[in-house]
Amino acid sequence: MKTHTAYLTFATERRREFVRITEDVDRAVEESGVTEGMVLVSAMHITAGVWINDDEPGILEDTLEWLDKLAPPSWAPPANETARELSPDPGDFRHHRGGEDNGDAHWKNLLVHHQVIVPITGGKLDLGPWQAIFYAEFDGGRSKRLVMKVMGE
Amino acid sequence: MKTHTAYLTFATERRREFVRITEDVDRAVEESGVTEGMVLVSAMHITAGVWINDDEPGILEDTLEWLDKLAPPSWAPPANETARELSPDPGDFRHHRGGEDNGDAHWKNLLVHHQVIVPITGGKLDLGPWQAIFYAEFDGGRSKRLVMKVMGE
Amino acid sequence: MKTHTAYLTFATERRREFVRITEDVDRAVEESGVTEGMVLVSAMHITAGVWINDDEPGILEDTLEWLDKLAPPSWAPPANETARELSPDPGDFRHHRGGEDNGDAHWKNLLVHHQVIVPITGGKLDLGPWQAIFYAEFDGGRSKRLVMKVMGE
């Protein structure tokens, strides 16, 4: 059995952003020498996620807009009445009492989930034809990490 | 250490459908000879998911209706005002500029998540009494794949 | 290769509750003797979840309030118009025809996801500085189980 651990660091310019990392995960698998197994790709922060989806700018933009309605930030006016009603009832996040303003990013972490596992078959990521791996930043502008853990033989 | 890889192919008649696959996963584990380990069950498409929940028709129907409100299709009228407000602000998905009409299925993939891992203990899927495994199709009517990767000893 | 399986049992007093389990997962890893690998932490019920997030009471309270809007219970009045519109259209969950009243807990299970995998590096849980592991109970008041499966070397 082999294991291999690698980390990525992100410091996105924008507060929210999808960053393609398929090739980084590929590299970690290659370094590991594992040909049959799995690689866990997991954000180490509570305001970020990992999503496997389409590398098509339209759907990524659609998704950021939609996540701001389902999990509305309180540092911007709500997008519409539904976003207003999904906002915290005290008027702002209880979480913000300590001086934070990123409550919405915690909720986006919940919706997107912070990790995926990719199977490794014949030395390659066993992904479908349109599956790309994205790090999803919801509270960027500072240094954040992600862990890749490869396990197999 | 042993690994085993198996694939399932789906071509649902309906556009959206939950398909029970507990027995298929069971079979893959049996074929693998693994008695202690894990099996990853992962949709290979960006418009499908995998959900572990109750094999009870009512909750599955409730869930499809609810997902159409949270992640509204643009090929049908919105279910109500909330669904309308959760729809993309440009009037349609930016993703549809390329001729697609399945943006909602990408969002349902995000909500449901595209994969689960089931522990294997004593040669059996270590599931709770009501946990059944479902492939969740959100853009069916064509051939789609799912991978099962068994790993253990 | 080593594997180790441990279970936790919960019987929360409240119907909904986040229960911190980081230390329980830590203990299972220590018992396993695994220093490089992964631990799967998975609720064995269809009305519970596992969330890795911030051990800060404000965000946990915010999140329970928000989940009640996105996945509204039918045993309480809806929080507002959005929650009412996200409720099942037949007036109540189809799932409740059999006498249940926990349809909302199935939906919360979907949103939160019922499992996480934590990498193990150098004999320790390889978590980020603010990542704590929570069992998320959405239909408590009775005995429920969670499985931890450790795998590695």
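Chains here go by letter, A, B and C, matching the order in which they are written, and residues are numbered from 1 within each.
Criterion: a residue touches a chain if its C-beta (ideal position, glycine included) is under 8 Å from a C-beta of that chain, and two chains touch if they have at least 3 such contacts.
Keep in mind that what you see is a predicted model, and the values were worked out from it rather than measured.
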Fitting subunit B to subunit C on CA atoms, where both chains share a sequence, rotation angle to nearest 5 degrees: 120
Interface composition of copies subunit A and subunit B: same or different, split at half: different
Computed distance of Cα centres, subunit B from subunit A, in Å: 19
Numbers and ranges of subunit C residues touching at least 2 other chains: 1, 70, 81-82, 111, 113, 117, 151
Touching residues on subunit A, where the partner in the complex is subunit B: 1, 36-38, 51-54, 56-59, 61-63, 65-66, 69-70, 79-83, 111-113, 116-119, 121, 126-131, 151-153
Subunit A - residues contacting subunit C, complex: 1, 3, 5, 40, 42-46, 70-71, 81-82, 85-86, 88-89, 93-98, 103, 106-107, 109-111, 113-115, 117, 145, 147, 149, 151
